[in-house]
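Two complexes, one shared chain (chain A), two partners (chain B, chain C).
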Partner chain A sequence: MIRLFARHRILLPAVSLIVLLAATFYMQPRAMSYFGINLLFNLAIPIALATLAQMMIMMVNDIDLSLGAFISLVACITATVLHDQPVLGMAILAALILAYACLGALIHWLELPAIVVTLGMSFVWAGLALTILPSPGGSAPAWLRTVMTVKPPLFPMAVVAAVLIAGLSHVLVIRSGIGTVLRGVGGNAASVGRAGWPLLRLKALAYALAGVFGVLAGMALVGLTTSADANIALRYTLLSIAGVILGGGEFVGGRVSAVGAVIGALTLTLAASFLSFLRLSPDWQIGAQGAILILVLTARLIFTRRDRTQG
Partner chain B sequence: MTLLTSPSASIVTLTNVEKHFGPVRALSGVSLSIGPGECVGLVGHNGAGKSTLVNLINGGLVPSAGEVSFPASGATRALEAGVRSVFQELSLCPNLTVAENLRISHDNLRGVGWRKRAHTEIAASLDSIFPGHGIDADTTVDRLTIAERQMVEIAIGFAPRGRDARLVILDEPTSSLDAGIAQQLLTHIRTFCAKGGAVVFISHMIGEIFQVASTIVVMKDGRIVASRPTAEFTRATLVDQMGHVAAETTDAVAQRRAPGEEVLHTGDGLVARKGEVVGLAGLAGHGQAEALAQLYLDRTSAWWGDKVPKVVFVAGDRGRDGILPLWSILRNATVSILSQTARHGLVDRAAEARVAAAWKTRIGIRTDDVRNLILSLSGGNQQKVLFARALASDAPIVIMDDPMRGVDIGTKQDVYAMIQSEAARGRTFLWYSTETEEVCQCDRVFVYRDGQISARLDGADITEDRILEASFQMQEAAA
Partner chain C sequence: MKTLLLSAAAIAMAATGAQADTSGKRIALSNNYAGNSWRQAMLEAWEDAGSAAVDNGIVAAADAFTTSENQATEQAAQIQNMILQGYDAIVVNAASPTALNGAIKEACDAGLTVVSFDGIVTEPCAWRIAVDFNEMGRLQVEYLAQRIPEGGNLLEIRGLAGVFVDEEISAGIQQGIEENPQFTISGSVHGDWAQDVAQKAVAGILPSLPEVVGVVTQGGDGYGTARAFDAAGRDTPLIVLGNRQDEMLWWAEQRDANGYETMSLSIAPGVASLAFWVAQQILDGAEVPKDLNVPFLTVTQDTLDDVLAETPEGSVASTTYEQADAQAVIEAAE
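Our next item is the complex of A and B:
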């Protein structure tokens, strides 16, 4: 069994999610319905997209501390400019993705530590967000609202969207050729470079993908909340990192899993609800979330260690 | 394509190629031409320029002067000319599967179904080189053993990858393979060359070189000193060609010390007596640095440090494990004696300054003021500070991990004298060096090969020939 868990990294996050889900349903049987599940996982969609954005960066051995601020900025633009002047709004969002690509290229070219550059950028994004939307407000474009509140048959929107996002990003990152090369950059950048790949462009591409997923996360968030605020997604920076790790990813070495990242995001969202059902005071919830994270990581470490000693 | 180019044209031609790294001349005036069907055995001691030559051929480095061309294919880049390299340090992506690793070096694997094609191609390559290998192309590389990874890397080197491999450079390919698998590889090299491919084969196993090479190229001090058909070499003449530069300097050592008590005796046979200078030799990367690091860490890692350390360490890789770049010369030199001089846990600044000033004159650190930053010094003087740091403590054993890397000759002479005088006072030195001249100054030498001691040489037995002999495996691999 140890070998099974060590070989298929996706099993542990999946099992964690199922256990947590079972516990939630046991505590609150009424959550086991179309409406209940949608309510539980609604906010997981933007978090899942943010987690995937973070995964793109972690895939090439960097980390993005500006993601929360970036998503807040996107949310502010979506609720104001995109609502009033759709074309201009789209152009700004495209420019933001381009900015992310340039950031990746710059980090690679000047050999800067991504953690410092993105920390600095987080203040830039936050400042821009405040300029665009000094006080909470704005409203979601009608079409976005429709997309986010659609009611598909059989399964609620949150579940369908999670499966779709997981599937598409799995194809992009794990199955496709370019995704494989990008993971190779995380695994052994020198050998990828030696095989004739332009590392600068690969790094820029990884960041651009992160930008795309960050923009999608911000739009999805506004579609759900209908209005925005310059601080709406600041928590997402750490949530996204936790999501990647919970989903079986690692900080370095290009070991990431797209499906795992989505499962990680779902687990984090569910953990918050589960703790509320336990009537745990909100003051303790962040700590309890951290405890869950440590628990899962410990389990993973035990599995990989045991597997290695058994050879 | 073959119609346009003559079949007998050489695959790669180097004309008067030179390569400098700053003032260091790594390669001077090398001309070499490798044609189809040739298997070139490249031999030479550490720093002879083998890696530099290989990197010039595969395009990893650009020559400072001279020209590298690929006449047979007419290509300008090594990759397009079908030149492949398999490196000694493993260069696979450990997080990807075997088949995915092929994708990294094969950019024509595109579109739907590339995984299946990659799987077929790498499996075919593995099957043809290592029949019965038992490697699944869908396993991630980090789950393979070192030998299996090496096999995968070799298989990727020989795989078609869209255009056929014309020249495959193998740098110590058999270092982690067992004898049977190594034989499979040698057989494959012969078939590959018979079909018109070419191979550059670098190995410390002389037996393998003689088995497989059609031409042997001997390098020394950045030059090709011999390049002849294999049949014109014997093992003895080959070793002769590699060695004999610094033979005259060896008699500089006076064998004046009576052997003291044994201060060190490790499980793998390393023995040192009080007042001895013990050398660790052999080709770079054969376990000497690891053995020294293990020795050092075993004797210094304790919850409570001793006032006087049992062992001190002089780093060779200054940037990685030597200097503290933000500190002054003074602080860098005295960090080892803090626990000796500290009173009630507070640093004794006067003692620090005294020690630093004393060593500045004793070892000749060229600076106006020891309070200057360490980085204001040249590399050689930084190294002197590291020696001062080690020697300032009263530790009975000094471990030196190739400390003369990139140090000028003047500094070297100063330090040699210092080592001899400190040894005469009863200190023991363990000295790993890649330079034979330095090893020849030792009282006893242990030659390492493949992580183990392959020979122990005492006194007059310490000659360059004997060291070379023990560094290279002379026997045929028992197949």
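Our next item is the complex of A and C:
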């Protein structure tokens, strides 16, 4: 029964994505091509990475409100320092990941609410981003641009990248031993602690992983946009939370799905394009996006309830 | 409206002699924000120019799209969607001068013509219809120097912090001050281009200011500034205005009451129609330089009544550009 439950969890996001994709292709047949699919989904790759970063935090029952600002900062560093002095750039990005780990440790050690700490940090990241890049500019390192515009055979970059990211993070979070323990921290931190695991280090690890995915998201974004802006990724904070939830994750209990998170991010991106193809007035678009979210969540609730009564 | 249709019809006749036929071409507007009077007037200008051109068979479509959250990543996705929708040209008012470059490159590579205006983009394959905001700041100080040769203290109202336009206008004002050292900026506040914000900000700083002879602004903030001076019981200084209807109405009232004299300048939201015609000209096969300049729309004591009568309540003074205007701007740049 639990297996079925787990399968349902990923089934629903997948079905929503397929339905939306079919509707989009019906509306805009031109999208049904190698080139079209890449255009539809390439900007979903940084969102998918951001969603995975958020998932790492939500996995240990916290929430990160600074993610958008953090990714903007990474984008600014990638377009400036990493481009001009690769070694220094790498070092700064590594330091940022370390800062995320320290943040996780601090939140656990002082028992601070993550929502407040990360909200505060969002201003720190935004300030640093403005200091590094006061006016929009910079340029993407050539290798990064190559990676993000590569044209693999058969499937476009966006699809290959999404599958790769989903697969690797699935292995990391769901299959590996340490991933299972991390999810356990979200499920029942006290038990994991009594079993002898160092909670402080685990929490720091979860945040560090979020930092890694955040850095990857910022780099992927710059690879696509070719240059940065201190406000470039601000909307990723809320998109990433919505993506995790849409993909079958929960706010508490360590119940997350890496594949689901990637699908959630793709669905959100596609929903926006679909509404734009519908020629819906922008005043209604935010509302319509919200309606799609509520629709999927309602469907999920119905599935969960039924599953529970049967089990 | 009638004259607009007539002139558009005249253009349609003239255009039949052009190099290429654009009647099957589709042009889209990618706009990042619609939340103020300037942007609303801009969208109307696009709608007017676009629908007249469609009716006259000059182009097949001129659709406007606005992003809901004013975010660069959202607009990049919007532009990529336009490529999929099969538009021949995209006219962009960009959320960021750089963050859309990837999407715009995709559009150019797919064979689309991209024209950016107001919020321009740095991607070399796109055309830019730029406003010399720096000059807009400098001109204000120059005007003040004519009116108040002895100089004095100025109050500067700035726009939204961190936005390129705000920095450019402010830099132009600084340059003007350097050229006219009899003026000093004794205070500066952020009015965010909104009357209510400007009024609150000015009211907050006024008690700490010495006598102010002039106020340099960025548009959308002049009326709020005047009200703050009024509420504090201080003499109204010379406020340079920004073509908003409420500002011009206040100006006309003051002029009738006590002979108040000033000037007002801004970019006409009609620049959207200019961008439309430039895109049409490029599709038509015209040789167009990548960088074009839009003229300011200046309102003086003499033209105030006419402009005010034409400006709808709550809107911004505007002019609608025609195909001939676009050709003139293109020629001026060559």
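A few notes on this one:
The working rule: the second predicted complex is superposed on the first by the 302 of 311 C-alpha atoms of A that agree within 3 Å, B and C clash if a C-alpha of one lies under 4 Å from a C-alpha of the other, contacts with A are read in each partner's own complex, and residues count from 1 in each chain.
Heads up, the rule we're going with is that a residue touches a chain if its C-beta (ideal position, glycine included) is under 8 Å from a C-beta of that chain, and two chains touch if they have at least 3 such contacts.
Worth saying up front: this structure is predicted, and the values here are computed from it rather than measured.
For the composite obtained by superposing both complexes on chain A, the positions of chain B and chain C are free of clash and fit together.
When the two complexes are overlaid on their common chain A, residue A:R255 makes contact with chain B while staying clear of chain C.
Touched residues of chain A, counted separately for chain B and chain C, are more numerous for C.
Of the two partner chains placed around the shared chain by superposition, chain B is the only one that A:A190 touches, whereas chain C remains out of contact. In the superposed model, A:V181 makes contact with chain B only, not with chain C.
Vertex at the C-alpha centre of chain A, arms toward the centres of chain B and chain C: the angle is 130 degrees, rounded to a multiple of 10.
Of the two partner chains, neither chain B nor chain C is touched by A:P153.
Of all Cα pairs linking chain B with chain C in the superposition, the shortest spans 35 Å. Taken in their complex, chain A has these residues touching chain B: 7, 175, 177, 180-181, 183-184, 186-188, 190-192, 194-197, 253-255. Of all residues in chain A, those touching chain C in their complex are 28, 30-31, 35-36, 39-40, 42-43, 46, 130, 135-138, 221, 224-236, 269, 272-273, 276-277, 279, 282-283, 285-286. Of all residues in chain B, only 60, 79, 85, 91-96, 100-101, 103-105, 107, 109-110, 114-115, 143 touch chain A in the complex they form. Listed in rising order, the residues of chain C touching chain A in the complex are 34, 63, 65-69, 71-74, 76-78, 80-81, 83-86, 96-103, 105-106, 110, 122-123, 162, 164, 167.
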